[in-house]
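Encoded as structure tokens, here's the structure I'll be asking about.
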Amino acid sequence: MLAAALRKELLLQWRSRGQMMAVFVFGATALLLFSFAIGPNAEMLRTFSSGFLWLGLLLSSTLTLAESFHGEMENRALEGLLLLPSDPRALYYGKAIANWLQLTLLGCALVPVMVILYDAGTLQLLKLLAIIMLGAAGLSAPGTLYAAMTSQVKAKQMLLPLLLFPLIVPALLASVKATSLVILGDPMDQSKAWITLLAAFDLIYWSLCGLLFGRVVED
Amino acid sequence: MNRTSNAPYAVLALGVALLLFGSFHGLAVAPAETYMGEVQRIMYVHVPTAWNWMLAVLWAFACAVAFLFTSNMKWDSRMEAGLEVGVLLAFLLCCQGSIWAKPTWGVWWDWDPRLTSVAVLLAASLGIMALRSFVDDPMRRAVWSAVATIIASVDLPIVYYSVKWWNSLHQEQSTPQTVDSVYHLPLRVNAFGVLFVMIGFIWLRTRVAALKLRQETAIPHTYEEAGELA
Amino acid sequence: MDEVAIDVERVARRYGRRWALADVSFQVPRASVVMVAGRNGAGKSTLFRVLATAIRPDRGTARVGGFDVVRDRQDVRRMTAILSHANYLYDTLSARENLNVVADHLRISRGGVMGVLEQVGLAVRADDVVATFSAGMRKRLSFGRILLQEPKVVLLDEPYGALDPPGFDLVDEVIRELKRRGTTIMMATHQLERSRTYSDMEIVLEEGRVVRQSAAEEVPC
């Protein structure tokens, strides 16, 4: 069942890959704007680069998460699947995994933008990838749940960030901190602690949201 | 619960009385703290507010879980009340915290883990209230806000610890923590004062929520004729 | 399944202050075709959604194939298929892909998909994206979804809507085929003359209540 759901999700995402490009441009533009907000101080830009990266990714995520349920709601396709019957948990995890992949891809695509704009590079690419994957997972789990909710109400664009942003503060903190240590140096080896926090957050929310998804999409 | 009883008003009155007594004691009778001086007296409202805010959050969480298990709308009304009173207390906490912070730290805000957690949960609660205002169907509104409340409540300890670690890279700011016995009386009295005021507010607000719910739904004619109520 | 396929007892469902279904009771024998008539807003769609377990009744009980629509939701869903006003399709996928998704979720082979597309007259447009389909073609594809599910109970909410004359014939064909397989069919329609030719029973809804219930032959033309 999960395999079926995932297959469908990946196909849907592949079909709308043109939009991914637009979201990437949005994220890159955001990173550009951040540098104007700070000014041409190379040292400061480099110091805050990881914060900008994650803020850019967070803002972009509201677009991709909301979009991920657009196709499900316009013809009530999600209800159609639930009535087959399908296990709502499988549908949730399929969607959440697809969103996670999309956000990871987006995060990786924004890294070169960060390197160029803020002179913030690193050779620890694998570690950076791991942090991006864990951080994206932290956004995707509650984001998918709330996107399912808000796609069914009127003020959907406003409600999703309003609900999601306070919630992911720990994930944001940990991702920014860990990324910052990777870019600026980690003399006391603190990144492990932040990565662990991020992993714990992910574990809790991937289980909790999967449990609650059924109540959100069923009557 | 007898809808027309005046018990909640009695509880409120008791709470106010306790607060008056405790605050008078805290402001006029108890000695000033040696390190912080007179500013420290705000602790007599700040700490009780903090304790009761946590109780309000716990109450909202418990009601949310109870609702998801029983689907009984009375838990939704209670949760709505707990949520709103929690927002009020959180807002008060942030104000009190800022008033305390300015003379002692020199700034209105600092990344004190406790205060930051309150601010985050305040934002989350406001989001849930916004969600409620956009959903018309009472059942769906109840289910969704219960889910959101559970998710936000689970987040609270995680937010607290992550901010604490984040902050520990800088100096640990001193906050009113260990309290000498001479300060106990006004603190305890005010704690109960705020508790009773809070209970009174939650009680009354629950009634309002239940009445609004009743107004939103209707009973079918044939069921009405058969003498069955909603 | 025993003799009664659908058993509805005092079902009521509200939306805010309005009762879409006020007090509905009826029984549908197995393998029969039931016509549900009534004006727009009489409660036909709501009734079907309750029986399909898309929504819950606020009052009363309903059993499909012996299973309760609230307590045994998954069991009801396994044997039921609904043709709803919403077509349950993914606009960015092709006709074939939409049916593949259904087949995957039903855990059946994708082999039957092409056959179903031929049956509903969409074989030529199998690989065209649904966004390019007309309303009638989408309806045909929705029928395809139902055929894939091989349900024991079928709920058709205005099956003739948006279809052209060949489409009408297709619907009649599908219904006769389902009837031949022993499927129980409930159909909401305004095409009263046409559906009376093969219906066994007729239920008329008005303002959420059953106002008339009879065998189809008894209804005056």
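Lettered A, B and C in written order, each chain numbered from 1.
In this section, a residue touches a chain if its C-beta (ideal position, glycine included) is under 8 Å from a C-beta of that chain, and two chains touch if they have at least 3 such contacts.
Keep in mind that what you see is a predicted model, and the values were worked out from it rather than measured.
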Pair joined by more contacting C-beta pairs (B-C or A-B): A-B
Chain nearest the overall C-alpha centroid of the shown protein atoms: A
Chain at maximum distance from subunit A, centres defined as averaged CA atoms: C
Whole-Å separation of chain centres (CA-atom averages), subunit A against subunit C: 39
Centre-of-Cα separation between subunit C and subunit B, whole angstrom: 49
Whole-Å gap between the CA centroids of subunit A and subunit B: 31
Two or more partner chains touched - positions in subunit A: 219
Sites on subunit C at which at least two other chains make contact: none
Partner subunit A, residues of subunit C touching it in the complex: 52-56, 73-74, 77-78, 80-82, 84, 86-93, 97, 101-102, 104-107, 145, 149
Residues on subunit A engaged by subunit B in the complex (per definition of touch): 142, 145-146, 149-150, 153-155, 158-159, 162-163, 165-167, 169-170, 173-174, 177, 193-194, 197, 200-201, 204-205, 208-209, 212, 215-216, 219
Touch list for subunit B against partner subunit A, complex: 68, 120-121, 123-124, 126-128, 130-131, 134-135, 139-140, 143-144, 147-148, 150-152, 154-155, 158-159, 161-163, 165-166
In the complex, subunit B residues that touch subunit C: 136-137, 216-218, 220-223
Footprint of subunit B on subunit C - complex, ascending: 12, 14-19, 22-23, 59, 208-209
